[in-house]
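I have a structure here, written as structure tokens, and I will follow up with some questions on it.
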Amino acid sequence: MAEGPKIAVLGASGFAGALAARLLHRHPWFRLGAITARAEAGMALRELYPHHRVDATMVEPDLDAIAAEHDAAIVGYPHGASSEAVAALHERGLLVLDLSADFRLRDPATYRHWYGDVHVAPDLFGTAVYGLPEVHRDALRGVAEDGRLVAGPGCFPTAAILTVAPLARAGLVGDVVIDAKTGVSGAGRKLQRSTHYVDVSENAHAYGVAGHRHQPEIRQELAGQGMDAAVQPVFVPHLVPVDQGELVSCYVRPPREVSADEVADLFREAYGEEPFVELTAAEPGMRDVQGTNVARIRTHVDPLSGRILAFGAIDNLWKGTSSQAIQSLNLAYGRPETEGLDG
Amino acid sequence: MAEGPKIAVLGASGFAGALAARLLHRHPWFRLGAITARAEAGMALRELYPHHRVDATMVEPDLDAIAAEHDAAIVGYPHGASSEAVAALHERGLLVLDLSADFRLRDPATYRHWYGDVHVAPDLFGTAVYGLPEVHRDALRGVAEDGRLVAGPGCFPTAAILTVAPLARAGLVGDVVIDAKTGVSGAGRKLQRSTHYVDVSENAHAYGVAGHRHQPEIRQELAGQGMDAAVQPVFVPHLVPVDQGELVSCYVRPPREVSADEVADLFREAYGEEPFVELTAAEPGMRDVQGTNVARIRTHVDPLSGRILAFGAIDNLWKGTSSQAIQSLNLAYGRPETEGLDG
Amino acid sequence: MAEGPKIAVLGASGFAGALAARLLHRHPWFRLGAITARAEAGMALRELYPHHRVDATMVEPDLDAIAAEHDAAIVGYPHGASSEAVAALHERGLLVLDLSADFRLRDPATYRHWYGDVHVAPDLFGTAVYGLPEVHRDALRGVAEDGRLVAGPGCFPTAAILTVAPLARAGLVGDVVIDAKTGVSGAGRKLQRSTHYVDVSENAHAYGVAGHRHQPEIRQELAGQGMDAAVQPVFVPHLVPVDQGELVSCYVRPPREVSADEVADLFREAYGEEPFVELTAAEPGMRDVQGTNVARIRTHVDPLSGRILAFGAIDNLWKGTSSQAIQSLNLAYGRPETEGLDG
Amino acid sequence: MAEGPKIAVLGASGFAGALAARLLHRHPWFRLGAITARAEAGMALRELYPHHRVDATMVEPDLDAIAAEHDAAIVGYPHGASSEAVAALHERGLLVLDLSADFRLRDPATYRHWYGDVHVAPDLFGTAVYGLPEVHRDALRGVAEDGRLVAGPGCFPTAAILTVAPLARAGLVGDVVIDAKTGVSGAGRKLQRSTHYVDVSENAHAYGVAGHRHQPEIRQELAGQGMDAAVQPVFVPHLVPVDQGELVSCYVRPPREVSADEVADLFREAYGEEPFVELTAAEPGMRDVQGTNVARIRTHVDPLSGRILAFGAIDNLWKGTSSQAIQSLNLAYGRPETEGLDG
């Protein structure tokens, strides 16, 4: 039986929260504690998501009770709605992993520019560890002792950063166009015109063009890996008729000529030992990683234009959100990084 | 009753040929003549494509008989297999519209490089009118008198050229990344692993990376519109779980700063009067144009990077192939350009 | 130019109303008049449904203005909301074709039982011609002179009645199980959990089990064709991941032994001359009829159980609703039955 | 580390074999041994099925080597091709679980009638335990000692038998119509017209009407549960645009009047303690059970016709094939029945 820390999931009726609950429920060491929801309080999670097979009932979120009975919490609230609960639980000493965007950015001016508002928890803002294990593994390992919270990366930034970071570190990102394709689950459970089946099927279109909030997140992290801070990645997401899956196609102009071998070597160095990154001989597809914590990446150098082409596929709900959160918690608690994630 | 020229369709069992047959069958002026197929000779087209509702039976292709009884022919053969029939029918005086890539390029060296072979009809190679009405309308109008054949554009080039040409003409294409998404019908009826339902659903991946044959076609035509011939467009197609539809996302680096208004004006000038190009206020989607001869386009200027972002959607089988062929034939025969295409 | 009667479409923002507007817009004789919507008044129909290519703007429904300027109206309101407008326009002398269920039934007690309410227009209730041309052609031809309104059949009843009627007429329906599968557009444009893409994809389930309102409609019409009124058809619809399409699988227990040939003969007699019913040699599929006014039907006699198996496919929005309405109007106005429906 | 019996998977390149390999690879006690394939020998399973994350390479099937090094084998060959290998491995003392239909029937005449041929292994024919744990649990528990092989049920029979058996036992199956809907993976990996994406999407149709080989299998097992052997179930499968999933809609005419409560009680008695059968309050959907070993069932009594309506959903590759095989092996080896199946 599991005997590790007891972890609550706030916002368990959403796609991401529900999957986090499932992964904790199956985890050999962590214990799933309370799962909360507002509108669906009193409902069994199994009723909403039968295939997750989690025997637990959602309850109203009571932060005091949660703080009293749990060691950690995953917060699956929408952007803006998250910071208050995160701050409250963090203050009460829980290790908090926030799935929202509220604590991902570190520059207050950038936050204000993109989110149009003052932050609810200004003292905590900018202090979180960015929960991308392949990039911030050491910080994640120390997060429990440091008393820091973890900001789970956005799904697009997860894919984009993993796919471009080795080039950023090598000083090869002269500029970059990131054309992303995502499945519909990325838009959440909320009913809206754009997720009606009839609107999605036989369709594909861009959205959030020239202004998607994941752009500054991608830029912050790639700059942190050595990309010239003046480079403004072009980031455009597209919706395709898929439930779970995400693909980023990254077109990088290197400041000097590079060979395909040189690029391939960079990625092998970066990811050769990574348990959840696979370098592939075929173009990575969404289907290859569905239901896994894996990112699959392939690179090319286009002989005509000299550009580096790098493709990265993840499952937006798994590696892009919830299973990556478990990977971060594994690190935070000193467990094997793959524990509970190889099912 | 229709009383115009009688037009044969060779290769009518394929997606493109069958749709061409349907459009001719419904056309108020053209008459649908013989429809041919090899493996399916003797079979009613309705058996293969009931929803097209064409009462005609496919016959073995007999070029002499076709030449004797028809005024024109649409040839829907695969690349490489087309030139021989095209040349034979052209020599016998028919107006030929070839849907394959065999006569699209004009530079023999480029052809050899990308298709790896000497051309079967070297005298005819390079003489065809490129059948993109919005770009070559005058040449298409004169094609019957000139005795030239028409090379129907590829589906990706159709979308890409329409979406980028106004920028090329204005000298604004410093470089360009074209990330294309296509439905499965673009791969044809042939059985292959990549079109098995299980491989396509819940999937999306790039293919033909750094070497798709539509690249030189796009480059030739954009250079013809004023793009610096040294620019090598980056072109990467992706397969998405859609039957019919195509979307190109074009990321253009202009050599100087431009405003969104300036770009919008260019497109209004270029397409304001076009019956089959729509400039949209929302991102164009595949679904918006399915079963139509329409291209929908939207442009942006990304304030962060200064890049021009241009999105274009077509139906790969309609505007990308078969209905565009009818549009070209309408022009070639001096008919109203929209005849038979507004259904 | 079209010069026939001017026809308004009320409720043009819904799937069915919008398609009716498109078909009238393209019709060679009818003239499309006002198209109405409440929430979307002032919006171009093209904005909601670009692929329909209808240049018209939706207006608030003003029944007096509509009555003054139109000869006929198609009403695409939800069940219950329709009867008031239908009665008002009918009273003002328009030929009204109602797409809702409000006037389909003829027995007031049955209506009350299934719709749980008194009818808003009791005088008109029970007087409409049931707009299934293959069954009520003569009544539809006389409807303009008779001053009757037309009740457009439900999509499931359309498919079920066409597929079972020849057996009912021959006294062969001892009992019948109708297992129906439908695409999502049948549920309309309204946002609801069951039409969210994530809920529909990779899914199929029954709904409205043992109580779907189409059951009494099917029973009424099959009884009208000779089925013993004591037979209660079992009718269960299922939702499948399809946009447009409907398939009914009908399992009929005949009161005596029948041969496959005898059954096939019945259907040939019934439908041999019908322009929109096709008897097929392969199992009919939704895709075969998509975007057409066609019903495709195939029958078998199961040698093991002796049951008659009859399968019928239609497009729920076309033959199941809007194109069938045009077919009925063609009859009502003495036009060729296929006019405007062979595109 | 796993330390239980070593189990080979023959035919691991197919959907069912590959999933069996994955489940054994992840199983806490069984050890995955050799995985075999012919055309794909030498290829890593991960290349074909990346999301299964199994690090093993397929080898040519060498029955002697397999017999020497393994305790058991799962055989995932097509029907007809299986019996020879099954007989050979069984003779050499392995516990064999056959996923094909070769050993499911027990009556030689029925086999000849439906499979049109003499059986390759007549001595073994009719001796297998039918591997449906909820029905044959005791026999499966003893199978290792008895020296019998296990015939894994077909996917449709699994769903149909589970959904109807409680009624058969209670003598309530006067007759039964089973309308089944299946995802495409049930048709296997072979390339064929009917699994081309374009043929499947926006489509649904019956197939194998009045002659599907799962009918005698369903009849044999329901008769074994008490259904009158004279009853010939009507069984018609339909293909819907889904990858993995299966739904059976069963329309049962009881020989006497029954109440919904009486039926519900029967199912609660039958399945109340079953770990992998869930009785639901909503209509079961394919999506609810995808990627699980669960069957979800709901029953109704139609007040109009008096028929019992029973709906059952499974994942055709999991409970319908491969995970059910693991469940049977758990029983055969005296392990907890759910071991390795709750991921």
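For reference, chains read A, B, C and D in written order, and residue numbers begin at 1 within each chain.
Here, a residue touches a chain if its C-beta (ideal position, glycine included) is under 8 Å from a C-beta of that chain, and two chains touch if they have at least 3 such contacts.
On a predicted model such as this, the values are computed, not experimentally measured, just so you know.
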Centroid-based (C-alpha) most distant chain relative to chain A: C
Pair exhibiting more inter-chain C-beta contacts, B-C or C-D: C-D
Chain centre separation (chain B, chain D; CA means) in Å: 47
Averaged-CA centre spacing for the pair chain C and chain B, given as whole angstrom: 37
Centroid distance [mean C-alpha coordinates] between chain D and chain C, Å: 39
Multi-chain contact residues (two or more partners), chain B: 199, 201-202, 241, 243, 287, 290
Touching residues (chain side chain B, partner chain D) in the complex: 15, 184-185, 189, 191-193, 195-202, 241, 243
Interfacial residue positions of chain A with respect to chain D in the complex: 26, 50-51, 53, 201-202, 278, 280, 287-292, 294, 296, 342-343
Of all residues in chain D, those that touch chain C in their complex: 175, 177, 179, 181, 183, 199, 201-207, 209-210, 215, 232-234, 236, 238, 240-245, 247, 249, 251, 253, 283-287, 290, 300-305, 307, 309, 311, 313
